[in-house]
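Okay, so subunit A shows up in both of these, paired with subunit B first and subunit C after.
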Partner chain A sequence: MDLNTLQNLLLTGILRGGLYALMAVGLALVFGVMNICHFAHGEYYVIGAYAAYFAHVTFGLNPIVAIVIAAILSFIAGAVTEKIFFFPLRRFNKGEWIMNAFLLTAGLSVALQNTFKLVWGVRYRGITQYWDATIEIFPGMAIAADRLVALGIAIAAILALWFFLQKTSTGRAIRAVSQDERGAMLVGIKLDRIYTLTFALGSMFAGLGGASLLSLTPAYPYAGVRPLISSWFVVTIVGLGSVSGAIVGGFLVGVFESLSYYFLGQGWQDVASLGMLIVLLLFKPSGLFGTKVKGVLEK
Partner chain B sequence: MQTTLTPEATSKTRILTNLESIGLSLPVLGCIALLALAPLFIQDEYILRLLVVSLLFGALAIAFDFTGGFINAVNFGYAGFVGLGAYISTLLVTKTGFNPWMGLLAALLVTGLVGFFTGLLTLPLRGIYVSLMSWFVGLTLMALANAMVKLTNGARGLIVPPLYESVSITAHLYIMLAITVALYVIMRLIIRSRVGLAFRAIGQNFDAARASGVNPTRYKLMNFTLSCAVAGMLGAYYGHFVGIITPDLMDTGRTMEVMALAYIGGSGSLLGGVFAAFLFIPLFDSLKKLMEYRLIIYGLSLVAIMIFYPAGLAGLYQYVTEKYKTWKGRIPK
Partner chain C sequence: MLDVTNLQAGYDCLQALWGVSLSVSQGEFVALIGSNGAGKTTTLRAISGLIKPLAGQVTFMGRQIAGISADQIHRLGMSFITEDLNLFEGMTIRDNLLLGAYSQKDKKKIKASLDYVFDLFPLFETRQKQLAGTLSGGERRMLALGRGLMSEPHLLMVDEPSLGLAPQTVKDVFDALQALHRKGITILLVEQNVNTTLHISSKAYVMEKGEIVLQGASAELLENAYLKETYLGAR
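Up next, the complex of A and B:
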């Protein structure tokens, strides 16, 4: 392996990692604030991809507009889901919240996947590219503009979220809820609103991923499965609920996967990922950046 | 009451109470008898097949509930373990000429071992980690079945020899019935024992359980290993029954089906999943139109059960029998 291949692999890894970071941040946010292990996250990726496809191809809109529409639609879808399913669950739930919520999202995931299949069929709806251009990064190595824009969108979205969480009062409220629900309620934060907003934001991040990578993975009912698996992998590695960890972890896993794919090939790459997870769980069960706020070990 | 009965009647009641103490109460016995007599009245192979499949899914739901309903750790890679068992048995039988019955046993042992190590890693962690980790294990097993083309024939799958030459559908029904009843009785006995008490304590109140001297990881590990082992054995049986296995068997959607049945039946009821299986599987199979909606219905029922009625069918049954008892009590003798 020469230097060129290594550069190539690292670059693909980082491009791939952008998506994982984007998805994983959404997952970590939803887990950190609402204590939900969101198993239907991939379905909002699919919603984003479908929305972008219809906006861009059927209505012939500008790619950026299409991606923005996809983000808005997946945001709305997330908000609606939260109101229909998690709001009543919070009201009626008597057993262990985290397990019940997890099972709910699992059921939701299957139901949504098959609804997509029923409505739009199993046909792949993809585009070859948003922008017909390639950009030369190193001499002799060019990548499609689409992928670079997707990475840009991912980074911009994450930065925007960081700014939102740190600098605005709503963002501070979200962080307050993630640290102490009761305390947040006592100082007058409306929990229900924060939950809806958080869930919608998480879904929007997934939708953004689906929309910006439409040229790479077409929209079809099961398109969300791979991104879901990878982003869960990221979140498990860095420690559940760690948003900043999810960003680093996303890029780490992206590079790791592109390397293991190159050296081991399809199928075995999953084994390598599992091996990495096992080693990690053996030595640092709370994850690379595990926080103490939401303890991992049974206390 | 006891004194007025004839000796014959007392021995009868004694047998009944003994049976009831191992979980075979009168309604359950009635259902078993109905199933056992079914081949006398039903010659239609299609219906008999449906009964076997329902029993198989019911048994899978029992083993799933054994973990999910008691120690509060959902094995989300369940289908992976089922598929592993199927592949182990098939490969042993076709490559080394094992007897299929020995194949079932080998599947039981190997999946139990894999389950043991999965549990060893994750069971000290919070319940949700068990779900995630077992999910990853299941996914990896599926990826392996796809990737090891030389051994497993990849996505095209493997042809599986039958359990024995000239096995009939009726025989399958009786074998599966015996397996299910045995599984139910054994798992129920475990749940009712001191060990089971520890399981329930861990599932309901972890801190209290630990404070009273229960070593949670050890008990959880026992439970998880047993459930995985049974899943593998049932998977092996499924392979020999259907005659072909593909990596698709290990898909997360399959886990979802079993999980939905177990939770619709009622978490922590063991038998509830079997009734759910007998309700849903024939229904979906007979109405081909519903087949398309099958997973949507499973998914939405799981959602609805989680939100509104976590007790499931078992809870409904209990509610109805209690109402019936109070209603009967009100009628003057």
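Up next, the complex of A and C:
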């Protein structure tokens, strides 16, 4: 393998990893703060994809505006979901929260998929590209502008979240809730608000992914399944509920997949990934960055 | 300031409080003492809103607060330092303190509270970036106290601050509480350490089996025959 091939593989891996990191961060946030094993995360990816499609194609809006609209709509969708489903579940729940919340997300996933099918049919709604341009990174290696912008969006969104969690009072409250709910309550944090905000943010991250990669994967009712599995793969590898781990893990898995695709071929790619997962869980069940301290951003 | 009348509370099907009445006035240092399982912690939990009272009245700063949520009660000016402290262990000392002033939006006031706490516990000023989880037992109590003070509470409720600490550290914690009281902060303290507690508090209630069995000025209770026999080991 020459240097050029390696460069190509790494680049492909990083481009792919951006999406994984974006999706996984949302998943890690929701698990870390709310203790929900979120299996409907992919459906918010689809909401983002549909929103971007209609905004860009039907209403002819600028791609960036369309992606921003998709992010806002998936944020709202997440907030509404939390208020309608998880808020009452929290109220009436007596123990067994993890199981009940997981079952709720599994049901929600099926319900949303079928709602998409009912409203928009099974037709693929995609675009060939947002921007008609390619950018030459290395000699002989040109990348569609869409993919670079998607990576840029993923990195920007993750940096923004990082800043929000570290530097703002609300972000600090989110981290506090993830570490000690009772302590958070005793300093006057309104838990319900933090939960709604967290779920909305997580959904927004999924929606951003769906919207920015619309040219790669079109919007259709089941488009969320694949990204869901990948992001679960990432958070399982790095340790559930760790946002910082999810960022590193996203890129790690992206590069790993692009390498195994090259060396083993497409059919074996999933085998390689799942094999890695099994080996990892055998030797470090808490995940690569898993620790005893609970918290979304803490080591 | 705080008036509790005939408070009943418990967990699931187990009732732990059978009509507790007590009151704390502005500037007082009130102690609630008794042996393990007497219901002291449950009393504080029910007052602070961590558990919902089954019956009875809790009036704080002229408002009826029985049954409203813990975060709301905190915003009315009550800080509750639990026995397991509930610190944010993966976060820095500074973050923990800032979270104590979460409801305060005025940056100047937050800064003033921070200076006030640094003044009380100078070691936190130099170690702001240290993670709370790496502090020693005594330092944790101090940090929890500091966090509780960041909101400038009217009433500070402290649950068993001496639990699991070395005697010298216990003394430090009690000294800190006394210093706070001298600064004009109203304190409701729960303790098993009867002797020391009666020496630093102004008024005390003695609990047994979910009820108040004895109350009075701390200095007088120290001379009380029943208390001497049951808790202070005198014959």
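To be clear about the criterion, the second predicted complex is superposed on the first by the 291 of 299 C-alpha atoms of A that agree within 3 Å, B and C clash if a C-alpha of one lies under 4 Å from a C-alpha of the other, contacts with A are read in each partner's own complex, and residues count from 1 in each chain.
In this text, a residue touches a chain if its C-beta (ideal position, glycine included) is under 8 Å from a C-beta of that chain, and two chains touch if they have at least 3 such contacts.
As the structure is a computational prediction, the values presented were derived from the model and not from experiment.
*Asks:* Which holds for A:188: it touches subunit B only (first), subunit C only (second), both, or neither?
*Replies:* So A:188 only meets subunit C here.
*Asks:* Just checking: does A:2 make contact with subunit B only, subunit C only, both, or neither of them? Give me first, second, both or neither.
*Replies:* The answer is neither, since A:2 touches no partner chain.
*Asks:* Report for A:270: first if it touches subunit B alone, second if subunit C alone, otherwise both or neither.
*Replies:* first
*Asks:* According to the stated criteria, A:132 is in contact with first (subunit B), second (subunit C), both, or neither; which is it?
*Replies:* So A:132 meets neither subunit B nor subunit C here.
*Asks:* Who does A:281 touch here: subunit B (first), subunit C (second), both, or neither?
*Replies:* After superposing on A, A:281 lies in contact with subunit B but is clear of subunit C.
*Asks:* Of subunit B and subunit C, which one touches more residues of subunit A?
*Replies:* B
*Asks:* So which positions on subunit A get touched by both subunit B and subunit C?
*Replies:* 295, 298-299
*Asks:* Under the definition above, what is the set of subunit B residues touching subunit A in their complex?
*Replies:* Per the touch definition, subunit B meets subunit A at residues 72, 74, 76, 121-122, 124-129, 131-133, 135-137, 139-140, 143-144, 146-148, 206-207, 216, 252-253, 256, 259-260, 263, 292-296, 298-303, 306-308, 310.
*Asks:* Can you name the residues of subunit A that touch subunit B in the complex?
*Replies:* Residues of subunit A touching subunit B: 37, 85, 88-89, 92-96, 98-104, 106-115, 118, 225, 229, 232-233, 236, 240, 265-271, 273-274, 277-278, 281-282, 285, 295-299.
*Asks:* Please give the residue numbers of subunit C that touch subunit A in the complex, ascending.
*Replies:* Contacts found on subunit C: 48, 50, 69-71, 74-75, 79-80, 82, 85-91, 95, 98-100, 102-103, 131, 133, 147, 151.
*Asks:* Along subunit A, where are the residues that touch subunit C in the complex?
*Replies:* Within the complex, subunit A touches subunit C at residues 169, 172-173, 175-176, 179-180, 182-191, 293-295, 298-299.
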